[in-house]
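The structure under discussion is supplied below as structure tokens; questions concerning it will follow.
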Amino acid sequence: MTDFLKNTLGLSPAVADALVVFIAVNILVAFVAGSAIFFIWLERKVCGRIQDRLGPTRVGGKFGWLQTIADGIKLLVKEDLIPGDADQMLFRLGPYIAFCGAFMAFIALPFADGWVAKPLSIGVFFMLAVMSTEVFGIILAGYGSGSKWALFGGMREAAQMVSYEVPMALCVLVPVIVAGSMDLNYVAKQQDWLWNWYVFHDPFTFVAFWTYFCCATAQCKRAPFDLAEAESELVAGFHTEYSGLRWSFFFMAEYGAMFAVSGIAVNLFLGGWNIGFLPNWIQAHMGIFANLLGVVVFVLKAWLLVFVMMWVRWTLPRLRIDQVMMTCLKYLLPISCALLLGVGLWQALMPVIVGRIFSIVLCALSVAALGWLVYTLLTTFTKLPSGGVPNLWTPTGSARRDLAKT
Amino acid sequence: MTDSGWLQAYLLVGALLFVCGALCMATKRNAIGILMGVELVLNGATVNFVAFASFNPAFQIEGQIFALFVIVLAAAEAAVALAIVLNFYNNHTTVDVDTAEELKG
Amino acid sequence: MVDFLQNNPGVLFVIATLLPLASFLLVLLGFGLWCVFRPYRETEYGAVLYHLFGGDTPGRTPAYFALGAIFLAFVCSAVGFGWYTVASYKHESDVQAKEAEIKTRTDEVRTAKGHQKKEEAEIAALAAEKELASLQDHWKDAWAYRWPWFKVNPSGMSDPARGTVIELGYRIDNLSALMFVMVTFIASLIHLFSMGYMADELAPTVEDHQVHTEDGHLHRRGRFGRFFLYLSLFCFSMLNLILTDNLFQIFISWELVGICSYLLIGFYYERQSASNAANKAFITNRIGDAGFIVGLIIIWTYVGSFNFEDIFRQIRWPAEVTQGEVQPAAKLVRARADGELNAAGKQSFIVDPNGDQVIQFPRVPPEEHSSPDVGSRIEVATSPKPTEHGSIPYWVLCVAGLGVFLGCVGKSAQFPLQVWLPDAMEGPTPVSALIHAATMVAAGVYLVARAFPLFTPEVLIVIAYVGGITLFVAATVAVVMTDIKKVLAYSTVSQLGYMMLALGVGGWTAGPFHLLTHAFFKALLFLGSGAVIYGCHHEQDMLKMGGLFRKMPITAITMLAGVLSIAGIPTFSGWYSKDAIVGAALEFAYAHREHTLLFVLPLVTAGITTFYMFRMWFLTFTGEPRDQHVYDHAREAPWTMTVPLMILAALSWFFVWGWDPSEATASWLEHELRRVEPAAVHVDFHAVHRAAKQFDGKFALSLHYVAGLAALGVVAIGLVFATLVYYYRALNAEETKEQFATLHRFLSHKWYFDELYSVMLVRPALVVANWCKAVDLLGIDSVLHSVAYSTRWLSWAEGKFDNGVIDGLVNLLARVTLRVGVAMRQLQTGYLRSYVLFLVLAVVAIVIALSYVVMTAAAGP
Amino acid sequence: MDSPYSLLFWPLAALIAVSAIAMVVTQNIVRAATWLLFTLAGVAGIFFLLGADFVGATQLLVYVGGTLVLVVFGVMLTAQGPFISMKIGAGEWAIAATVGIGFFSVLAYALINFNLEIPSTPTQATAPAPSLTDPQQAAAKPPRSLAPSIVLGTALLGFESATPVEPLTGVQNVPASLVSPGVPNATPSGLPRPPRLRTRMAYLLPFEIVSVHLLVVLIGAAYLARSKRRRGVTP
């Protein structure tokens, strides 16, 4: 793209670079914001469904797909108040730092082959590092609010994130060792066929994927690890005192982080933008469309993971803080260390053919399991809840009347 | 601007960091503030390392590696220093280093 | 083992020597352990061990040890003696056969015709000589052994063989073998006797009636074991003295004997008299030993060896240098140096009977002294060191002989030093018996006999006169003594005088002969007196006795045998030896008329001896009891005492009989001794013997026989006199004493010897000591005290100086330091910040200074 | 190295300077921590700017994500009130300011007057293609044309060649995009080149030592900071 600008438009290289960066950043901001909006809507729907509700239905006609926009407008116009004994500066800074942390991670996240804002040879490391700065924003928020709920929430959050960073990073290292590079683009490139996905590469990567997912969930302070905003204990954690746009920044940061970690997972384990059963030469002939297809595939995969996160959130009960820490330090950390060691040994000692056979077998099993899961889900859905209200899903007159009243 | 000019610019930044760290150590009464000063000083040194590393290929690896070691050791130093501060707090119920004047002449 | 014994049976005597030492060490170890366990006798196990090693009451175990050891020694030496006698006769016959063969061969060589025959004869002669040499060597190996004990610094002598090594060794000949048998036998009898005599030492506490403390008499532990401990050591030293073949070992045993006598004489050391007597004996012996040491030094310096054979071989002219070992024999070759050293570094001497040097052999090449006739020249290799000329100054040799003889004088209580022996009676009677009969006093005579070739004629004359004076003086004193043991003591001194006289006048066999016989009957007499004393409850004064024959007949009869023997009644052992002595004396006196006194003294003394011995016996056993109390409590001794008495009585009667007993010169013992008589005797007293032979040829009866008759006559006179005075009381002893009061006082004061010595020696010594003391107190001590005072004063002043100046300086320094510190402490604000600031300032200063230096350096030329 | 990115130096330097000074000046310790955060982030940016991606990322991860949080924890654990401020006298301020300015001026003077002779660094385009098979040149510095992080990582792992292939190292063949076209990435047969270990295991040993040191330090810190029970009183 730089070349395109330089050659066809004849811009000076400096300007061209600057322009490229500018464009990339704008695209990313737009994407992050958009995905956040979409996630909020999705979350509502999923939560509703899981709670036997409908979720938003009205706004924007079908499915309430404008619901989030409406919320955004509401937040924008909301009065933005700052507690009396809050530290103004820190209070203001908090959300921005958090959002920056979450957002800057996207700089190194490749959406398709070569489609990355800044190709870094240490992409994944960079992403982790940047996301680790998000903690500080939260701490500032919790401290600057000058409220004990916020302070507690912030402290808990900080402790949780800092300690979950460690096993997360270790799990990330597992596929990195397999790939031999920290460049996400290169890592994703390696896994073209389905059985080449690193999740199937060997038992350690397989386990590492799930471990990483747990850590990521905790890292994004999602349930069941959302001790920060444990309503029952401390009202809303570090953002108790926040409202309006700042509050929404926090949420954008959270959803952005969710997408970022999912993207990392997809790039490291789930073959990135590769479909998995489309041969490479076809993509090679598709040219730029291949990249577009890749983007679609990648985003879908990431969304799938995010969906799983939501699913988990609304399904599982919340842990206690000590349980959270114990899970990290007593279980996840040793497990991840063992994985690191194991994958190193596997790489060093296991004959290539054995590894290949193993990955194929594991791939087949997983596909079968997935298929079975989907099948059961679909078939289960067709059944009505036993003893349920008849015609619940097809609103009858009385129901309409009730709805109309509200 | 020549390479050496850029290098001098980077080194100036490092020097500034160094001086600020020293000043921070000299002006803060809070033990943790002093710790921050130390971190700043170390960062100044790191900046110099990396600058030399990138401007002089002879130091490409060495500079960066030394920078890395400095960072890591700084982390270690922070941990120990904080532990000491906590002890200090347990003993003096404050982190005001002026209360630690047992050695005052 | 058996082969070893057969090859060198001399070891038997070594074993016999070492047995008493073993018992001594064992008993000593037992005592040591006893002393170790004594402090713990209260504790449980300590009590067991303590009683195991004797406990509170001394047991008889040490006595058994000692008796067993000495008896085994007796057995060993008896066997050894028998062995030696048989072997020596065989050896002599072999040697004579060989020599005869050699003679014949040499004659053949001389007479043989033809070259062939001559050669064969020569070869045969050489072979015979070789065999003879091997015979001699084997004999030597069998009965002698020399072991280098420790090396001493060669003291830069050009001849490395000289004066470098001190040896241990033994050499058995008839004399030592006989002495062994005698000593061990008498010693074992005395041990047996002592077991009875010392029985009252077995009590846990003994009351000593002669020591008075503030609360009555002294009470002490019994010392039974200790007594036998000393006895064993005593026997060991005596046997070692007899066994050895060199002067150094003899000197060691000499001192051991001295210390043992000291310990035994001072056995009842709580008694003032006993300890005094012990000291007297010891010190007197020291005087003698001083002479002995002088002799040793001279011999070591000139001869370079202590071995008797070496010494004799070097100072006496070898009889035959051609074959086998060089026989120590023949005369001292006197010569005088002739001119300076020649080019070859040799000193030529001219043989001269009055020369001032004595040639040392075999450092002179043998072929050069085939005939040391008067006037012949002898070349002697020399070195610049005067002590390494092949010659000894004659007077030095005399001094050496006198020194050694002085040692003997001390040991066997001869004329100037005889004073200690009578006081030695303070010891227990068996000890007196041992000292007098077997061990100590015998040592002197034995040494004179052993070292005989060392003595020059002058020394021999001295020996003879010393012996003569001693025997007369002692006998006269013995006449007036009333203490039974004192009488015996002086009789011993006088008998030793006899022996010395004999040796001095060339009766070499007579001296040891009398030593042996005297040993038996003197032991008998002493043990008898011991029995009497024991029976009379430690009453020693003869004037309180009398008529004891009825109470203790065995003792009386056995002692009578002893008395007859010492008096020289025919067929008693004393007769033979004393007859030999008198004979030798008469021959000597006949040859040298100026020395007639040397025959008169022993002759007269023989009568005196008879007189006082019978006096003693009559006073003790016959007549009316003069002290009823003593008489009533007197009783016969137990068997342990009487058995030795009877054995000794038998021995002192017919032990020395030869055939026929009525012939005075027919004693087998004398015959045995004559076989080992040194050739030196014949050489030195050649003239005497020749004169005797001329006399015998001139008259019908020999000189020896004349002497015997005269002695018998004198003895008869003495016997009659004694019987008249003390048995029939023909004239009163008291009145006689009154008439000759002066003489009696003179005699009973022992010729005032002690007083003389105390005036001559002790007083001056005390005076000198007092002077020394005065000098020490006034001179040296005053100097020392002044030094001390000055030191004190100095230290006082120095202390002032120290406190004032030095401490002042130090304190000043400290104060300054303090001030500076107080001033500087202001810098130590205790604030971290200020430290950091100082740090930064320091950095700035350093950078500026450095840059300044750099710039100046750059700007500079 | 007049690349467009180098222009970014000025805003970063400004950020660093401002926030550093602000950190010195501010009295509120938490604000100071915030300013420190900005400073460190700026320094990280400078690292990125200097092409030391790995160092920059490490700076972010360790300092911002770890050390700084630790510091703030310290603040929270030792705070008496919500807003701690321990003021010092104006005089001390004056002294400190003068000393600081003097120090900086000395350093700056030394820097500017010191003649920095730098060998002109070859740009990527004209990078000479070092033959990795030549031991001498291989023992020399790896080509700058490689991504610095790879050079760094291989150096830390003790490799001379920037293109190791064996799974032993975990580093599989480097993407061509990261290697300058001049550098042959594989043997003519297309097979990957076996890695060549340096005789001196470059920085592997220091790396291990530092890690051990970290462990020790963590244990020590835990020991120091643990809650001590009073002597004599048994809980």
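Every chain is named by a letter (A, B, C and D) in the order it is written, and numbering of its residues begins at 1.
Heads up, the rule we're going with is that contacts are C-beta pairs under 8 Å (C-beta built on N, C-alpha and C of every residue); 3 or more make two chains touch, one makes a residue touch a chain.
Model, not experiment: these values are computed from the prediction.
Listed here as common contacts of subunit A and subunit B: D. Looking at which two chains touch through the most C-beta pairs, you get B-D.
One finds 122 Å separating the Cα centroids of subunit A and subunit C. Spacing of subunit A relative to subunit D, judged by their CA centroids, is 28 angstrom. Chain centres here are Cα means. That of subunit C falls 104 Å from that of subunit D. The distance from the centre of subunit B to the centre of subunit C, each centre being the mean of the chain's C-alpha atoms, comes to 101 Å.
Under the contact definition stated at the top, the residues of subunit C that touch 2 or more other chains are 833, 837, 840. Each of the following residues of subunit D touches two or more other chains: 54, 58, 66, 73, 88, 92, 96, 99-100, 103, 107. Within subunit B, residues 22, 26-29, 98 each touch two or more of the remaining chains.
Under the contact rule defined at the top, the touching pairs of chains are A-D, B-C, B-D, C-D.
Subunit C meets subunit D in the complex at residues 833, 837, 840-841, 843-844, 847-848, 851.
Against subunit D, in their complex, subunit B makes its touches with residues 1, 3-4, 6-13, 15-20, 22-24, 26-33, 35-36, 39-40, 43, 46-47, 50-51, 53-58, 60-61, 64-65, 67-69, 71-80, 82-87, 89-90, 94-96, 98. On the subunit D side of its complex with subunit A, the touching residues are 3-5, 7, 28, 30-31, 34, 37, 41, 53-54, 57-58, 60-61, 64-66, 68-69, 72-73, 76, 82-83, 147, 149-150, 167-175, 177-178. For subunit C in complex with subunit B, the residues that touch the partner chain are 824-834, 836-837, 839-840.
Residues of subunit D that touch subunit B in their complex: 1-2, 6, 9, 13, 16-17, 20-21, 23-24, 29, 32-33, 36, 39-40, 43, 46-47, 50-52, 54-55, 58-59, 62-63, 66-67, 70-71, 73-75, 77-78, 80, 84, 86-88, 92-93, 96-97, 99-100, 103-104, 107-108, 111-112, 116-122, 141-142, 144, 148, 151-152, 155-156, 202-203, 206, 210, 213-214, 217-218, 220-225, 228.
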